[in-house]
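Each of the next two complexes has chain A plus one other chain: chain B in the first, chain C in the second.
Coming up: the complex of A and B.
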């Protein structure tokens, strides 16, 4: 292999890894938008909560109480982050979003997501302080080499987790009664109600799935973030860009856009320097908004989820 | 015959805008009853209130002896009321089969019952069998109306509410639809029919109510309504 080719493949591999991290976060955003027609500004904080839940599960519980090896503790922490995200989503929907939706107002639930975001950030700030936590994944230390291409075991874990999440989500939507009902609610909430489907239950389920994905995303992102109570915010900006580039509410578009942004980011680091990442991503976003405002995959909204 | 649906002094409004006042009517077990009236008379709103898609300001809705006035739509379906909404409202990105499955959502735990209902519907509407794997959004208007009707019948309702089934469809297709409505009735489903085409409606139903600007102005057996001067003049064309 020539040096150039090696470099291209190496950066593409790095890009896919980054892209998978973003996809884990962006999928939830797009899912909530697709079903509720609402932007969730608190999504970033579900990522942060997931990251901290994973950190404490791995360091305080997995290794110390259960006596697991570091790798086992990290895998366990991913499960804990999934659970923490799901539970938090369930609780916040029941306490805040559902009662506001009941009143039939569209703006208030949206503003409430900002309120929930501020609340979660400050609660974590009070509990954990502003100093960044160190969260190492044991899989980051293990390097795998194929020919002249290098990657860590962590990146394999991330890609596998993202692939599993995507396959599980598609299988759920396509083959289960509840998944089909969820698509029905996304397409026409009132008519879904006329079918005997309780739309509120499916909306709750959507929020739980999205939050669980964000939680796992947090566990996977923890080792690469500067882990403070505001850590999620650094990823969410990019996740929003991905969701818009992919077409709001469109799962397939979000996945493609996530991988695309990851790869573009890897090459930006290589050729332009890491300081320009956000610039490049947001120039891409602006170009998309001008050239193709419906997103990569332009379908009618109801066909997305 | 016993009363299946009893609507008493219903008052309906969108926000502050009143649509219907003091509506009372009933559907007896096994009947086809029609609400006719001009555009904007409040027929569709009344149907939505019966199916639970909107809650009334005042009045009572009693179904099969139980008060359902405040029940949301998904609970009314469980009670036995199904609505074929105006404009059909099939789920465009779901396949025909998936649309039917949604209609039978209440049987999701009883696979055999669901399969039996599905088989019945595909037999009743062979065209849907051919299109089973196609997204519903790709069907023609008439096919979508067939799908919306069979989707509602999937739940084996005791009362089927049909809102403007003929809207935007060719006369031949409309005849097919009304044929199917009569077939569903013959199989034991009571029917409440809202229809702009008064001639079709009065030919199909046994009793009717005439609505004008949110109130019922006449009612009776269809044979008599057809002779009513006001009905003739307003809805059947002068003769």
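Coming up: the complex of A and C.
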């Protein structure tokens, strides 16, 4: 392989890995928007909670209590992060979002997501302190080399986890009764209710799934992030951009946009400079808003989620 | 009746007495403006540890003056630091302000304190502009960008025989100044800078940057100016790309005083061969250093090793104490005493401020290299 080709392949590999990380975060955002028509500003903090849940499961519970090897403990930590995200989503929906939704006001739940975000950040700050935690996945330390191309075992895990999440979500939406009911709620909440579907239950389910995805995203991002109670905020702006580029509420669009942004970032670093990453991504966002405001894939709303 | 009146009078006198004493109590008010939230919050937390330790040691007061401290979170943000300092000036009326740690925030508060004629004692920012802008109330005990980068460039060229460099730095005043401070002398000596790669503080994955560096050809040194968390991830990515010694490559990653003690353990094997300039070295034998470490461990735990951030904050209080010992009673006299300090020994060396308010004594600054077992090996380069 020539040097140039090696470089192109290597940066593409880097970009796909980065894109999969973004997709894991952005999927939950787009799912909530698709069903609730609501932006969840607390999503970043669900990611952070997932990362911390994974950290403590991997480094304390998994290895020290259960005596698992590092790799087993890390895999267990992903399950724990998924559970922590789901439980947190369930609790916050029951305590904050659901009561506000019942009042029929659209603005209050939106503002409440900001409140939840501040609350979660400061609770974690109080509980865990501001000094960054070191979270090394055993897979991050394993470098795989194919010729001159290298990647870590962690990046393989991220790509596999993202692919599994996408397939599982797609299958759930397309082939299960709950998935179909959820799409019906996304299409028309009131009519779905008249058909015997409980919209509140399905909205709660949506928030739980989105939060669980954020939790797993946190477990995968933990070894990449500088892990503090504010860590999720460093990826959430990019995730919002991806959701907009992909088309708000559109899962396929979000996946394509996530991978696209990851690859664009990698090549921006190579050819323009890493200092210009945000500029390039947000220029792309603005161009999309002007040229194609519906996002990469524009579909009817009911087909989005 | 007379007895009752006398009893009331006595009770009133007793009640008023502490108030009067309080009113007459002599206090040096110290505002501390540091990041306690956000990615640079470890500066504020460690800084507070150092300051609290020093305050405990001087709780009896100095020259009849009690040291009163108010901490404020400025989040490493120019806007928040500005608002915080304005509030401090308005409500707390400090005689001196310690802070900020991040250069951008330090620069933001300097003109406000200058206008208010309140001394700013900086213990953690490197940007040249802080002491090169003609401020009369700014003093800095932390080595500036030039004082850190020039020795790095010299060591890279002369000791490590480096001829090519890739400079990695965060996109801040501090990062830019350090990068420039390395580039100019390195190029003047005959070295070549293959690339200057900057990045925001929100960058988490450095694999693409490592790939780019690998594509640049033979790189001898990689001076790096970033916060600890990003430097750890950067070192690991460079090792995975087999660029630095820790990953089986030949390039030497170099760093500034920015990094706290403990970086090597966090970066793991990737940090092997990392050469850095240090000012506070826990292995140094000076009595003031060992006394500080002993007291620090008593207060915070036997297994804790203080970092340069703990030490610089501790030293900031030692300097204020020294000024008060020499008769300082308010902001003007603190400023006056600071300008006259000479070779005041603290944990991070000796302090002598030049005409611009910059500490000019770098006698304890030296280089260390991270070994395979992640310990430091002192290098006799200055």
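FYI, the second predicted complex is superposed on the first by the 305 of 305 C-alpha atoms of A that agree within 3 Å, B and C clash if a C-alpha of one lies under 4 Å from a C-alpha of the other, contacts with A are read in each partner's own complex, and residues count from 1 in each chain.
One rule holds in what follows: a contact is a pair of C-beta atoms (placed from the backbone, for glycine too) under 8 Å apart; a residue touches a chain by one contact, two chains touch by 3 or more.
Keep in mind the model is a prediction, meaning the values are calculated, not measured.
By the touch criterion stated above, A:193 is placed in contact with chain B alone, chain C being left untouched. By the touch criterion defined above, A:225 reaches chain C but does not reach chain B. Of the two partner chains placed around the shared chain by superposition, chain C is the only one that A:130 touches, whereas chain B remains out of contact. Taking chain A as the reference chain, the count of touched residues is higher for C when chain B and chain C are set side by side.
Once the two complexes are overlaid on the shared chain, A:183 sits against chain B while remaining clear of chain C.
Of the two partner chains placed around the shared chain by superposition, neither chain B nor chain C is touched by A:168. In the complex of the two chains, the chain C residues touching chain A come out as 36-39, 41-42, 44-46, 171, 197-205, 207-209, 211-212, 215, 227-230, 232-233, 236, 240-242, 266, 268. Interface residues of chain A facing chain B in the complex, by the touch rule stated above, are 177, 180-181, 183-184, 187-188, 190-199, 300, 302-304. Listed in rising order, the residues of chain A touching chain C in the complex are 3, 7, 10-11, 14-15, 17-18, 21, 125, 129-132, 134, 136, 140-141, 143, 150-152, 155, 221, 224-228, 230, 234-235, 237, 265-266, 269-270, 273-275, 277-278. In the complex of the two chains, the chain B residues touching chain A come out as 51-53, 72-74, 77-78, 82-83, 85, 89, 91-94, 98, 101-103, 105-106, 108, 135, 137, 151, 155.
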